[in-house]
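The chains carry the letters A, B, C and D, assigned in the order they are written, with residues numbered from 1 in each.
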């Protein structure tokens, strides 16, 4: 076989002795082939990307590297010696560690305790000294520039982004030789902190495997990439030499083209579907906005600027501390999502965390889609699988969800398809206003395209969409208009072609071109995050 | 000891609440007696129910002693678990009267029919009815309960003498009609050809199970439920083949115990702690007699269907020992208008030793299982 | 992208295997319980020739009917991740009220009996209220409720339940319809309705959703509060009905009528393949579990061993059943036969 | 008590919070810990002492302790399992089993007592190991698996002793219920020792792992915690505590009873809940449960001396249970609120 860079195996002994190689690794679950045949080689001091659709086998490969899953076939070598970890701990002993896609932190333990799991007690005594634990925790936070986090804070009390950072920091601590990051940016709005840490690790000569669905950031940090498709590694490319198009084609099997939606002017005369006046509470400090029929309104913000609060308030999951919401011009006071659905022309919400707020794992995809409209689906209160699948079909088509999946337990579908199903649900409700929170988090290009298409089509049909995205290109591509939240307030509003990544980035960090001296905080991000922590 | 300076005697009634009519009737008649003149001015009665948990009863006794009880009338949950507490109570001058179930602590009085041979006599009656051979069921009480064990030992002692008698199924019915009915139904599924049933309390359920099955009835011996006695006397049932005898545990024991205790407290009787036997009720099918009134008068011993539930235990009244009472006393704990407490017959029957049941380190009598009510008619 | 041949091919191969794997897991476990019952019944012949006969099946069905009705409610509660320890007390409540309010041949039965069930329903509602609004864990709330109800009943009856069983109840448990015992026919009807409700009604769907993930269900717009209350009310009503059946069966009520059914009602549900954490399980499985336990009971009682040994055997068989019906086992099987 | 000790006693993985929010910190400890239940206990005791002056002399205290110890230890064991997100019904079986063994094979003298202690721990540990194996390695649902083992243990107990009887060795019966230097109740000491051990265990890696798997098993596993071993050990430790409870029960009743464990089954859960331990795992602590148990037994006394009609004592117990749980839940939520 040939190794990562396509060079023949011979030669470069000294180097190959410091790499992590996997050859012909495969894993099946019963009849389901998760990973069919993966070859990959990670070099010390190099960041290597692993690309592929949802369900391509990335996480499975990761789990194999970390000893969480034992492969059926294939050989792995670490620094020359055979490497076959049978548990997370064994992997750690060989200095291989992972930041998992579905975070692996224990909510009722403190940050420090999570860092040191499973062995908190020092060498000598079996008893744990809590002071000692806190001290070590503080050290680790220090080392990763996370001093703002209290080592004694319960993980469960921290916002998602901070949890993800801690997951990453912990992985780096345990990764002397190989560091694996499975979709580490899934809930990070900015990558600087992450890349800084990766830089340091790389400098220490750690081999890094980086998994992400965001090609831009992959290009920024990785030198080469291995692409998985249908559980097979179909090749490794130097990122410098490959175009996005090439890579997408390797991943999906066909080209994907981006087209920015021509901004459509919405006549201000007609009463807006959704009008909000200085909404407050849950991280908001007086937000006003209006959303017209057929309009796609984007929200851009760094982590924790109040976007979460905004969406949850509008969805009826939280009750505002102040301000008014108007739906179709009428004052609206709904207290839960069900009421929101029935309020005026209806408001439907696509939640942030797919696995905990979105899917109902054990139930069929069809049930998941039609749940909000069951009474309409059932005949006199009775209902069968067929009815559900029939009712789910149309909206499944709109998001190009393969009808075969409607009968599956949604938990068995890849995240991409799960996300399609959830998108289908929001459409199926018949609500005319959609609230989409990061609608394409952690889904691959193909899925993204389908979801974009669905959103556009919905708007064409006169529907209104308010969406937040952690990916700027997405906003640029989709939004007619864009609000930038900063510190719980609308910091800037951008129209049509002003919506460009540079402008957005500037605005997101509170940088106002008109008044430069005003409240532009000096160092990138950090102050914004200070806000972030208080906001929650 | 008279009530100290006009204050009333503090008497406690401590029950194991086992949920069958039996327990509440026993409690009700004590309440009724305590409300009957002259006791109504002499006695302050408090009732405490301790479920089936010895620990709870220990705690209850402790509380009663600390509250300065003069006497405790009780259905003990365990024959031995309460001993330490009882001993301490005795040392503080508290009188303990146990009814039906007993304790092995020698400073307590046991008033019980246990030694009167319910098991062996009813067993012999069944053997006689079956002419010495046949397949039978044993419908027992609560598993792991010493009362049940004593009854069963007595019965088995008799059955053992008759090779023709085959115990084809033995099950626990928790002294409850419904459970008896269900357990008997299960047994019938395996042995539709059963020829007799020896039952403890709950016996009426056994008859219902037989009826459910269609088919004929068989001889049944059991305890004292109103339903059972009515059935025994019912010609239709007899025609189907039902015979038997109603014996076993009389709730009236509690009333007898209470009156004995009061006589001692009020100095009308001298009696050191001992085991007192309550006579075994014994009503064969042909002796069942319907009562017209509220009491057991001129030898009647069962009440009409519409007067009491079938699970009502008839032997709660006793014209000799408890003439003060009628069924309302048994059902509601109310005293009978105009009735006054009558003195008990002077002499008491001392109960035989029942090791581990009413005495700790003692020998059982050689003739422990001697027959007192029936003679063998077959052999 | 879905019309890309490669991914299509993969979808089919993966997709279909996964689906059938799941289907088998649920239905197979239901079938397995049924089969186990039959095996037990036939095996019983070795213990006593008259076992394994139709008449034994009849006995099993009649005696099992109480447990089936009770574990229907228990199953619904467990489906939503709860647990109902108040079943015995409520069953007793139903029985006591039926005998006290209604009595033997009372013309008013047609509206009094519904009232009895209503009363039971109220108890269920109170439990639910405590769980939903006061956020008391179901285990504790229903435990407390059962203590409370029992003590109220004790006070209400002063220890001696009165009255006789309503004729309707007696007819239900003792009657014969076209040569078959009424309770058996009733059982069939009840199972059908129960299955319709849990697996074929929108309410059933909601309950599964809530049992899987309350928060997600709320976000999806399910009527969460109402659907969290429902199972406790249904459970209490069916318990009350079971009480009615018990009264009809033994023509009288006692204060401990329901007691012996608590653990069996849970066991039946779990043996039937439901997850105690909620969200998974079918009523048919539960019915299987209930019948299995009853069959076991009838056979055990026929074994001529001392009670202790019988108990050991019973426990052992329950354990074996649990081990045989393990989810993983079926997934393994599911993947083996392809 | 030091910061850690309280956190330890109170259970919840200790989480000091920046001095900035000191008040919340204190509240947090109060709610997470035994604070609430401790307060309730003191209150009840004051009431009891007021109604019953003798309540304060050392005999009454010892008697109360003797009465409390078995439930307290049983609840302590149950707490471990509940923390790991499980239910353990075998508690009833183990206690009955140890009790009959002690009554049928009494071993005289202090040496015999020591041996008996070991026997109890062995029995409990063995049953616990079986439970652990079934739940941790064969992945049976804890409530189901332990139901089966409970039935089996009950059976064995009945085989060893089919009716109450036998005599526990005098040394155990007298010494373990007596008082050191006429004041310190031995049963109290035993419980104290267990609490002491717990405070240490809480500070070991196992202790942390216990809370971790209770709160989020997959995460704990991916964090390198050995989930199976932790769960297994938990059941073993719990079993041993039940064994100890059996010993103390035997000491108090001085006799054997094959059903002696049954009354403690549901009570143990009530005690755990009263102590504010979350039945869904990961939050709470052993000390609080012990106090919960103590409160339940004290409640009997208070209800007695306040002369509540014995029919309705259940009513009060139920209500107290609900109110207490609602309160601790409330405080916890306030504590957690940001």
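Throughout what follows, contacts are C-beta pairs under 8 Å (C-beta built on N, C-alpha and C of every residue); 3 or more make two chains touch, one makes a residue touch a chain.
Labels paired with UniProt names: A = Ribose transport system ATP-binding protein; C = Autoinducer 2 import system permease protein LsrD; D = Ribose transport system permease protein.
What you are looking at is a predicted structure, and each value in this text was computed from that prediction instead of being measured.
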Request  = Consider the two chain pairs B-C and A-C; indicate the one with the greater count of contacting C-beta pairs.
outcome  = A-C
Key: Identity of the chain that, by mean CA position, is farthest from chain A   = B
Task = Just give me the whole-number Å value for how far the CA centre of chain A lies from that of chain C.
result = 42
Query = Distance-wise, how many Å sit between the C-alpha centres of chain A and chain B, to the nearest whole number?
reply = 74
Ask   = How many angstrom between the C-alpha centroids of chain D and chain B?
value = 38
Query = What are the residues of chain D that contact at least two other chains?
reply = 158, 162, 258, 311, 313
Request  = Could you check chain A for residues that touch two or more other chains and list them?
outcome  = none
Multi-partner residues of chain C (at least 2 other chains) = 154, 158, 307
Key: Interchain contacts (touch definition) - all pairs   = A-C, A-D, B-C, B-D, C-D
Query = In the complex of these two chains, what residues of chain C are touching chain A?
reply = 1-2, 4, 6-7, 10-19, 21-22, 196, 200-203, 205-206, 208-209, 212-213, 215-224, 279-280, 331-332, 334-335, 338
Task = Can you check the complex and tell me which residues of chain D touch chain C?
result = 87, 89, 134, 138-141, 143-145, 147-152, 154-160, 162, 258, 266, 269-270, 273, 278-280, 309, 311-315, 317-319, 321-322, 325-326, 329, 333
Remark   = Touching chain D in the complex, chain C uses residues 85, 130, 134-137, 139-141, 143-145, 147-148, 150-152, 154-155, 158, 263, 266-267, 270-271, 275-276, 306-316, 318-319, 322-323, 326, 328
Key: Residues of chain A defined as touching chain D within the complex   = 68, 87-89, 92, 100, 102-110, 113-114, 117-121, 126-128, 130, 134, 150, 152-154, 157, 536
Ask   = Across the complex, what residues on chain D touch chain A?
value = 3-4, 7, 12-18, 200, 203-205, 207-209, 211-212, 214-216, 218-226, 282-283, 336, 338
